[in-house]
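Two complexes come next, and they have one chain in common, subunit A, joined by subunit B in the first and subunit C in the second.
On to the complex of A and B.
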């Protein structure tokens, strides 16, 4: 196993450069994890919207009831009934919704006539629907009691409405122990792993392949009784060992950062995904190592490939923020599919067939990249051999 | 016969690098392949080692057709390339161990062989050095150690002394003679005629991909008409002296190089005495006098019409 041993001696000689990438990766991920874990997410917190409530009608139990109901879920801000002031209040977000009860509203409502409440909102406000729902819920309930409970006093109806609307549905969060920060950290860790893996593998593998590809050494090795097949086998074993060791070293950090989570199904999927990506990155590194001839070119290619694919695939910038055309280009790299899987796995709660098929489908695509790139490399090396 | 090359032809497009080259290397000899740069020596070696495909001819090593997968033959060959072929990332010891390990799997035996090779080329003090820290001469010695550590029966050295200091050169040449005395057959290529003359038992002179002459150095020198080269220091230089010298018997050429009169003669007796008699008759004072027998360069010059180092 002379070639295999020489492989790792060359790696050790280049360890300085490789360690830079590993140390940067570990520092960045550990720092982000340790510094950014304070914002706990408890699952659901009700927020109160600021609204203005203007009553142009006479005081009545119906309008007072509506006001009280809204007060439970919103902050009613006092704003003068002046068009300019109301517009300013909306513009400066002092209020997001203005409810105006028109004159004669209560009377018409009790007489079962068609009535409407005037509303003014910030355009495209998502909270508008929420307030609409609150108002509609109150008025619909009131309408039901007025229509079908003849003879009930206003106070009785009001107390019934309040009782009905006080009923709540209990909601259980699907991942009660987790928080958004942790989910983001896991996704970030494994996404950033792509860059570190790529950089380390390209540097390591191409350093060795360049040495064995030097014409004088190549010819010298060809003069030896070592069969070409055995030499290639030892090189491949060396490459795969180096890739697996790198993957273990980098991904094992995940165990220190995320503990027992890494033994969960999510953690195992993360590991499997990163292992398959490692092989895809190894195949690209192997291709580069066979094509690149100088140290300078190797460093340039390392930066272009590792950084370039990371940028267009959503390693540094979330895929949601990348344009469609960038993502389309990114989808021609294994990094893209790796990141898609990481983001899915990070948020995976329900291990449905649909989700798992999607994840394993992406893993297959990555494996396809590996097979295709290795085939291209073999074709190139064979062509070179025969053209000599 | 260790190596038998017959009618070897290698073309690079229109350029004929080897033109029906034939040679035979016998067991136990040091066979020198002498020729100027570009004469085809390295191409011939590469073909013999199956590193290059050739267009025509046959190559047999140890009686068998040489081919890229003739691993049992390769096991018996040690190769020292023209360019130093070692790993910059491995130490001197690790390099020798790597190349020896391609031939010898047994660790214990290998260690012994590596130590012997280190001792043989005299680089014991540098075993932990990386090649880039070595001088040109030491690097060449490392290259040789890598090629001979497994104790091959046939050692092919392709210009092993290029860009080497005199001390290392002597060390290398002495080492080759020792290897030969220990039983190894040597195929040695060089464009340094002095080296080839010093160590080779048989020599083939190459030019333009062809063997133009071969034999022992005495046989080669016997093939030409050139006799000795006479050099006489004169205290007076006059063109009439040249005319007079050229009229002497057996003299082929005469010229001044500063105050040195350089005369070439064909084979014959008493050429130096006749020249000195002539100078005395002209009352010309003479300083130092040298008489040198013909060299391989003279052989090359007479056959090709050009200097070996042109």
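On to the complex of A and C.
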């Protein structure tokens, strides 16, 4: 097993640069899952939008009531009333909606004059529509009371409005769901794994293949007593075991982060999915290793391929937020199918045949990539061998 | 002598394919990736009609108030509106469950003795559905209360007032262009590119110092003032990096249409300063750090990445306090 041993000797020589990717992956995922442990909830909770509430009017029961209503359904963040600071807060999404009550609002409203509240927001967003709804709801109700029940004091009207607006619809969850943060964390972990794994495999595999591909060394090896077939076989074993070790190392972290979940059906699907992706990534790394000639080119290719495929397949930015055309390009990489599966598996509670068929279908596509890329590599190496 | 060396160094730099990749192609590629990834990000937050289903049962049909309230804000098969809140389907309970499971709808409503909403996840769309249904209940409660005190009101247009749903909000924009936080990523990318000028600074000092390269040893015995050599080499590195940064900015501005607001002139000025800092940073590391080129490049990448991180290359809220 000289070739096999040589394979891992070269890997150990290059361990430094490989470890960078592993360490970054581990620290990012561990930090994110450990720091981002929000309250444990499983039922339905309203989404609370962060808003800023600025009152340029005098204090009145009307405005105070509006503020209290908003407090119930949103997070009011205090931001200084300074155009620049408000602009910054909106830009960095510290708040997503700024409400400004103009001077004289309450008085005009109570006199049934036409008035408006100023809002600054991210135009056309769902959040805008929601907050608009909350504010209009309160003011419309207030208007009804002011118009149709003469002589009621402000406090009485306010308590009536509060009583009315306390009415709530019953919301139930269709399926028992897990903590939403956990679902997101698991999906993030396995999605991000694609980047780290890909980078490590390209670096490791191509640094070895480059050595074995050096013309002088190759000629020397060809006249060794070891049969060519035996040598290739050992190289393949080396590649596969390197890939599996990397996969084990990275995915075992999942056990530390998510515990017994990894042994559930979802966890096992995650593992299977990432293993199949590992083989697809290995085949691409093998192709790169056979084509690339220098160390410098190897680093460039690692960054472009690992980063590029991750970006267009939804590893860093969720697939829902990518445009159709980007996703279509992304679907030409195995990473895309891997991420699609991860997102499905993370949300999978109802193991219907339809869902499982689609998951296994995507796995089949990934395996198809593996087979196709290996064939291409074999054709290229064969051509090289015969043309030399 | 200064000019001749300047042109020689320009040639040397441009022919260094490896460093050209990292200082020019890599930022361009990253910019393209950012662009592709963020293309839809602002649209992703955009509101699109929420798909819901209502379980079609007699109790629902008999509740005419609710039927008209929800149909008024929904697109149904017969009735299409452009500003509708919901996209409504009438189904059976089993169908609704199946649609929800397949993510075809965000929630379904059962209206028998009371109105009940069933959803699959928690999010802004589910919250909007709930808020709408709440409003229906709340309005009914308001009508009940007012009619109790002032029975005349119902005839005097109370229901119209409440179902009129006046809009009290007026949009006031602060800046000239819409807030787009993704631009932070492009700014930090430009900063990173400026700092990649340090690779050229490193290359130039290595080529000048007698203890770092044979080239440097040869130059050191030449009867030329070392400052002249350094300045011309430095200028060559500065020129190339500045052109690369400008190429990146043109690419961002004209091909990817990144909106920099009206501050382009300031950005260009910052780029000139940034490139100067970047190149001198490289010369600094190359002269101060003892060790091989690998270590120096490692330090350059490590420190410039840390600085890019602190500037928000990976996390846009970094610069916001």
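As a convention for this text, the second predicted complex is superposed on the first by the 252 of 388 C-alpha atoms of A that agree within 3 Å, B and C clash if a C-alpha of one lies under 4 Å from a C-alpha of the other, contacts with A are read in each partner's own complex, and residues count from 1 in each chain.
In the analysis below, a residue touches a chain if its C-beta (ideal position, glycine included) is under 8 Å from a C-beta of that chain, and two chains touch if they have at least 3 such contacts.
From a predicted model like this one, the values you see are computed outputs, not experimental measurements.
Peer 1: Would you check which partner chain A:211 touches, where first means subunit B only, second means subunit C only, and both and neither mean what they say?
Peer 2: After superposition on chain A, A:211 lies in contact with subunit B alone.
Peer 1: When the two structures are overlaid on chain A, which partner does A:2 contact: first (subunit B), second (subunit C), both, or neither?
Peer 2: first
Peer 1: Is A:382 in contact with subunit B, with subunit C, with both, or with neither (first, second, both, neither)?
Peer 2: Neither partner.
Peer 1: Can A:10 be said to touch subunit B (first), subunit C (second), both, or neither?
Peer 2: first
Peer 1: Just checking: does A:328 make contact with subunit B only, subunit C only, both, or neither of them? Give me first, second, both or neither.
Peer 2: A:328 sits against neither subunit B nor subunit C.
Peer 1: Touch test for A:224: subunit B only (first), subunit C only (second), both, or neither?
Peer 2: In the superposition, A:224 touches subunit B alone.
Peer 1: Have a look and say if subunit B or subunit C is in touch with more residues of subunit A.
Peer 2: Answer, by number of touched residues of subunit A: C.
Peer 1: With touch defined as at the start, can you tell me which subunit C residues reach subunit A in the complex?
Peer 2: That would be residues 18, 21-22, 25-26, 29-30, 33-34, 36-47, 85, 97, 100-102, 114-128, 130-135, 137-142, 145-146, 149-150, 153, 156, 158, 161-162, 164-175, 178-179, 181, 316-317, 320 of subunit C.
Peer 1: If we count contacts the way the header does, which residues on subunit A are in touch with subunit B in the complex?
Peer 2: 2, 5-6, 9-10, 13-14, 211, 214, 216-217, 219-228, 388
Peer 1: How about subunit B: which of its residues touch subunit A in the complex?
Peer 2: Its residues touching subunit A are 46, 49, 51-53, 68-69, 71-72, 74-75, 77, 79, 81, 83-90, 94, 98-99, 101-103, 146.
Peer 1: With touch defined as at the start, can you tell me which subunit A residues reach subunit C in the complex?
Peer 2: Residue list for subunit A touching subunit C: 44-47, 49, 73, 83, 86-88, 90-94, 100, 115-130, 132-137, 139-141, 143-145, 147-150, 160-161, 163-165, 167-175, 177, 180, 296-297, 300, 303-304, 307-308, 311-312, 316-317, 320-323, 326, 329, 347, 350, 352, 354.
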